[in-house]
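Two complexes come next, and they have one chain in common, chain A, joined by chain B in the first and chain C in the second.
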Partner chain A sequence: MLRVLRVNVSTDVISFDPVPKAWERVAGRALIARVLLDEVPPECDPCGPHNKLIFAPGVLVGQMVSSCDRLSIGGKSPLTGGVKESNCGGSTGLHIVWLGLKAILVEGSPAAGAALRLLCIGPDSAHFEECSDVLGLGVHETTQRLRSRFGTKVSIAMIGPAGEMRLRGAGIMHLDKDGNPGRISARGAMGVLMAAKGLKAVIIDPGKTRRPALADAPRHNAARKLYVKALAEHPQTSKIYPEYGTASIVDMCNGFGAIPTRNFSNGRFEHAEKINGDAFHDLMVGRGGEGDPTHACMAGCTIQCSNIYADVNGKQIVSPVEYETIGLVGSNLGISEPDMIAHLNYQMNDLGLDTIETGAALGVAAEAGLMEWGDGLRAMQLMEEVRKGTALGRVIGNGAKLAGEVLGVQRVPVVKGQAISAYDPRAIKGTGVTYATSPQGADHTAGLTLRMPVDHLKPEGQVAASRTAQIRMAGFDSLGACIFGAFGFNLAPTTIQDLVNGQHGWDVGADYLTELGKATIDLEREFNRRAGFTPADDRLPEWMTLEALAPNNTVFDVPAAEMDAIYNW
Partner chain B sequence: MQSTTGERISVTIKLHSVLRTLETTEPRSRVLLELAPGSTVATVVATLKIPEMDIVYVLNESVVESNALLHAGDTLALIPALEGGCCAQRVKTEVQPINTVLNIRRMS
Partner chain C sequence: MLRVLRVNVSTDVISFDPVPKAWERVAGRALIARVLLDEVPPECDPCGPHNKLIFAPGVLVGQMVSSCDRLSIGGKSPLTGGVKESNCGGSTGLHIVWLGLKAILVEGSPAAGAALRLLCIGPDSAHFEECSDVLGLGVHETTQRLRSRFGTKVSIAMIGPAGEMRLRGAGIMHLDKDGNPGRISARGAMGVLMAAKGLKAVIIDPGKTRRPALADAPRHNAARKLYVKALAEHPQTSKIYPEYGTASIVDMCNGFGAIPTRNFSNGRFEHAEKINGDAFHDLMVGRGGEGDPTHACMAGCTIQCSNIYADVNGKQIVSPVEYETIGLVGSNLGISEPDMIAHLNYQMNDLGLDTIETGAALGVAAEAGLMEWGDGLRAMQLMEEVRKGTALGRVIGNGAKLAGEVLGVQRVPVVKGQAISAYDPRAIKGTGVTYATSPQGADHTAGLTLRMPVDHLKPEGQVAASRTAQIRMAGFDSLGACIFGAFGFNLAPTTIQDLVNGQHGWDVGADYLTELGKATIDLEREFNRRAGFTPADDRLPEWMTLEALAPNNTVFDVPAAEMDAIYNW
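And now, the complex of A and B:
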């Protein structure tokens, strides 16, 4: 029987509670929205005592079904002021379920001036520990020290210096299956929320616990087999993702004229071929050593879209390098050297920063004249400013919106205060609808329409495309399934209900994913409405409707009235 | 311009990611093809025996469909498509069926 771990950082009372009835059949992203509506006053200060930091593994988590052990972390976002679910791979979610926990809720506020602590969770126990030896340290050094203190079997969810400084670009970093802190709950300043709860890290020690028993093992096992077979048969999940990873999206987006270039001033990057999937792949293979284009972020993932990027001597720089980082930290800054992108990625990871938010903020800074386009060394210096906590560093570390306000830049790519990811919405308009309308703020993972059967440059059909994508994504985020697993589920759709029912003994039907997705979005919108959001918040920045994007010379022109009707199911 | 003389046209094909190791060519990222006038993107796909998969075609500077006509001197990039799986996959397969609940269209 799963339980909810409540940790009150005002009183230090820790309790393992039964799961409330209304929460039993929701998990992951859906559960976060449910908890927020049930227990968090929508108008509260995101960094105050009434907000909650929520860890909620998805419905399928715990069984090591390929790519289905993802964790949702959420709360009221210090960046957007609205609902937030930030999704990550790695081992944290898996171990939370192995400990028999449906969710971890961190409540209250620590005493003023109290030092950050560790929350250590093991089988049937949880306690706080002091951690003065890691305060102020980067994520990599913190990882090393915590692993030598707690052992190499634990999962760690931690913040870096950026989170400690409460910079709103800060996420929560996690270990991958090899103990490398390269996975991040990146979006929406969850690192700030963790700092506001007085925590530097949460240590999850699974001890001798293992997968929970299945309600209907034959059904679950049969579905797992079918799903993994489908993944193995699909060319994208059997070949392209494993060998090339998301970096391959560079060519696609460049072809569509949608790759962010020099602070979203162009949709085509003239040096795209230097930073595309082929370039990264060939460097990883050619340099040998620790570099590897095929890597799994979590145990049991057969897709292995992740990678390890090494330098000329074969020594790891960072793992992984993903398309979003290449787009925001590469082309968006005019940077065309893979090594430089990898080094910047490492620095951002070490600071515990979201590369999307930070890349967008650097783009705004470059537009303000604080760096030349393509000057990676200057970008590195600006990361040093963040680390030192200088005023300039804090401006950039707080994300694109604040950087634009302080630096007087109008071309700021944000929605609901959150940076747009690496698909310019003027050339992939359905994704623009997602950015505009999603309760999460601008986020491609809320509903990417890149391969929807629509003309991306026309306004027609975009709302429908975005609606479909958003429902599916909200469903997958609640299942705890990596979206790349969708290729397998698409080929063998009955496996979703069979996995869910086989694991939990429920009786969900064929439309479970859709229903879960819709219900999740409904709950999220209701929280945002109560928090004061209106249709005016469901818009792209006005300049994107006025300033045509080369090379297609299109503006974002999906009618507002259509977007306002997107959730009329 | 389209050739009207019946002479073959020469088109540069850029192959990306997994298409760089086609059975019909040595491992390479560029191939120069001599094609009959009136050839389309689909002709290239057939000529190179491109395996069935979702591909984005970029002809010179624009994304086109497989029926786009090719002209002498064109550059055609074949990019195996990737995305997060938000929409239905476009590859034909025996494993059946796409999630009809969501009314997602199957593409070829």
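And now, the complex of A and C:
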């Protein structure tokens, strides 16, 4: 029987509660929205006592089915002011389910000025511990110290210096299956929310617990086999992602004229071939040593799109380097050296910063004259400013919107206060619709239309494409499934219901994913509506409708009225 | 026949147009809202080409009736994102009417990177001029240069370095009747909007024009006499304000436990007697020289609440020092030396900054550890940071909300992004209702309840008090009447309709002020609604509902549902 762990940081009361009836069949992203609607006053201060920090593994989590052990972390976002679900791989979600927990809810506010603490959760127990030895430390050093204190079997969700300083670019970092803190619940400033709850890290010790019993093992196993076979048969998940990872998207996006270049002033980067999938692959293979283009972030994953990027001596710089980072920290800053991108990625990870938000903020800073395009060393200096907590560092660490406001820059790529990711919406307009309308704020993972059969440059058909993508992603996020699992589920669509029913003994049907996705978005929209969001928030920045993007010279021109109807199911 | 001057800074086309029928009987604050609804897309980027910078003198302006020559400047606010009317004394409004202009509308956007210019308006003509000699200069030096270039008869509306840097604390500075740039359209970042329109200053040369003919001179003159007599009979406008100015409010607010002290952490300042009306009065009188406690900002004013504050040698430091500045830059920062407050006031004026917004931002900065309470020299240094445009300076110059976000401070006194003025809403709860609900964002001038017959500490009756105050103030702002004119109008209420009808030949009735006020607020609310505002925006910051204010130990507890009904006339 699953339980809900409630941790009140005002009173320090910790309790393992039964799962409320209404929450039994929701999990992951859907559960975040449900909890927010049920328990969090929508108008509350995101950093105040009424907000909650919610950990909710998806429906399928716990069984180590490939790409299906993802964790949703959420609450009312300190960045967007709306509903937030921030999704990550790694081992945290898996271990939460192993401990028999449906969700962890951190509630209340610590005493003013109290030092951050650890929340340690094991089988049937949880307690706080002090952690003065890791306060202010970077994520990598913190990981080492916590692993030597708690052992190497624990999973850890932690914030870095950026979160401790409550910078709105701060996410929550997690360990991958090898204990490397390279996975992140990146978006929406969940690191700030964790700091507001007085926590430096949550330690999950699975102890001797293992995956929960299946309700219908034969059905589950058969579906798993079919699904994994489909993943193995699709070239994207059996060849391209394993070998080239998400960096393979560089050429695709550059070809579409949609890769952010110099603060979204161009959609094509003249040095794209230096930072594309081939370039990264060849460096990781050619340099040998610790570098590896094929790496799994979660234990059961067969796709292994992650990677380990090593320097010329074969020594790991960072793991992984992903497309979004290449786009926002590379081309968006005019930087074309893979090593520099990797070093910046490492610094941002160590600070506990979202590379999308921070890359976008650096782009805005460059536009304001604070760095030259392509000057990676200056970008590194600016990361040091963040670490020191200088005013300039805080401005950049707080993300693109604030950086634009402080520095007086008008060309700021954000929606609902959150930075647009590495697909310029003027050249991939369906994803622009997602950025504009998603209750989550600008986020490609809320509904990427890159591979949809639509002319990305025309306004027609984009709302329909985004709708389809958003429904599917809200479904996958609630399942705990990685977006790349979709390649398998698309080839073997019945496996979704069989996996769910086989695991839980439910009776979901063929439309489950679609229904789940729609229901999730409906809940999220309702929370945002109560929090004060209106259609005026479902817009791209005005300059993207006025300033044509080279090389296609298109503006974003999907009609607002069409976007406003996107959720009329 | 009045005309509308339209100035398009995209095309440089300037035209003197007839007044649209629907605008004929609206002026001042009401006209700002009307123009916004008629011509500005509510969702537009405040700094983009679709927003308009609007100058609109009030209904009564032009006749030099005491306290009735005020100018409304407005547009969609870069600070709040909503409707904004920012009201000022001085000579600008008077001269606009003398030139036969109902309003000046600055439209479009200048070419990217173009240098700021001057807009020079004279009788029947207007043109742009370059002004490289004053770019980057403070308001005082700019004033000197522009007056030597254009003569001492012109009025000038200008921005300082803060506006040029697009810092959201920036207002628009104006000359008083003596040519001193001490009047400011302070609130809502109108200085940023002016910069976004590519203007450093607007020069109004009245030439040989004088006050327009009256439609019914006997009626107007009789009413004026009655009204001025009433002002002369009320002790507040004949004795207290002339002698002590608005500094007289210090004791009153301190007595109520409502003076902002150390970033709104206390409502009583232990050194209030060093910065109260008596203290300032005695220094201005005792030091002699240029100091003067009795000074008029507008030519016809009989109240003369303004002042000239001089140093120990009798040399003017700044004119005027007002209560809001004393509250936000004095007690709110723990500063109890009048000279220091005056010097900071001068610096903020010179930068073209709103002292309320900037004082509140400094309070937040002090809370974050960037200055010690009471350390005025450090506050002066921080103003130098603003002048230099450093990251820290930009953070503070952008106002309290941004400062709080960047510096990670939760106790930030803002509503709709705009700083609360010098009446803590937990101890003057009716004014708290005004802060929360006014379409203008937190602003005491939108409806101060300080003198209303209500127990300021109880939640009961506050919505009614605020409603009454808001209606009256929206009316006065549309008339172009100073809030202090109310002391006269209250004693001689028929003079309002007689002044209006006598001036314009209209036929407004006894309910005119109330109708005008309600209609104005209705227009403003409608613009904000279309811009995306909801009841969730009509709230004080959550911490003010949780953190009790000494010495009364009250929180803000007027029920939200009651506030949401405030405009159900």
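Remarks
To be clear about the criterion, the second predicted complex is superposed on the first by the 569 of 569 C-alpha atoms of A that agree within 3 Å, B and C clash if a C-alpha of one lies under 4 Å from a C-alpha of the other, contacts with A are read in each partner's own complex, and residues count from 1 in each chain.
In the analysis below, a contact is a pair of C-beta atoms (placed from the backbone, for glycine too) under 8 Å apart; a residue touches a chain by one contact, two chains touch by 3 or more.
Treat the numbers as computed from the prediction; the structure is a model and nothing was measured.
In the superposition on chain A, A:E542 makes contact with chain C only, while chain B stays out of contact range. Once the two complexes are overlaid on the shared chain, A:N276 sits against chain B while remaining clear of chain C.
Contacts of A:L5 after superposition on the shared chain: neither chain B nor chain C is touched. Of the two partner chains, chain B is the only one that A:D511 touches; chain C does not reach it.
Once the two complexes are overlaid on the shared chain, A:F487 sits against chain B while remaining clear of chain C. In the superposition on chain A, A:C47 makes contact with chain C only, not with chain B. More residues of chain A are in touch with B than with the other of chain B and chain C. Applying the stated touch rule to the two superposed structures, the chain B and chain C interfaces on chain A have no residue in common. Contacts from chain B toward chain A in the complex involve residues 16-18, 20, 29, 51-54, 56, 58, 61, 63, 77, 79-91, 93, 95-99, 101-105, 107. Note for the complex: chain C touches chain A at residues 42-45, 47-50, 165-168, 390-392, 394-395, 398, 402, 405-408, 410, 530-537, 539, 541-543, 546. Of all residues in chain A, only 229-230, 233-236, 239-241, 243-244, 246, 248-249, 251-252, 255-256, 268, 276-278, 281, 444-445, 447-453, 465, 468-469, 471-473, 483-487, 489-493, 510-511, 513-514, 551 touch chain B in the complex they form.
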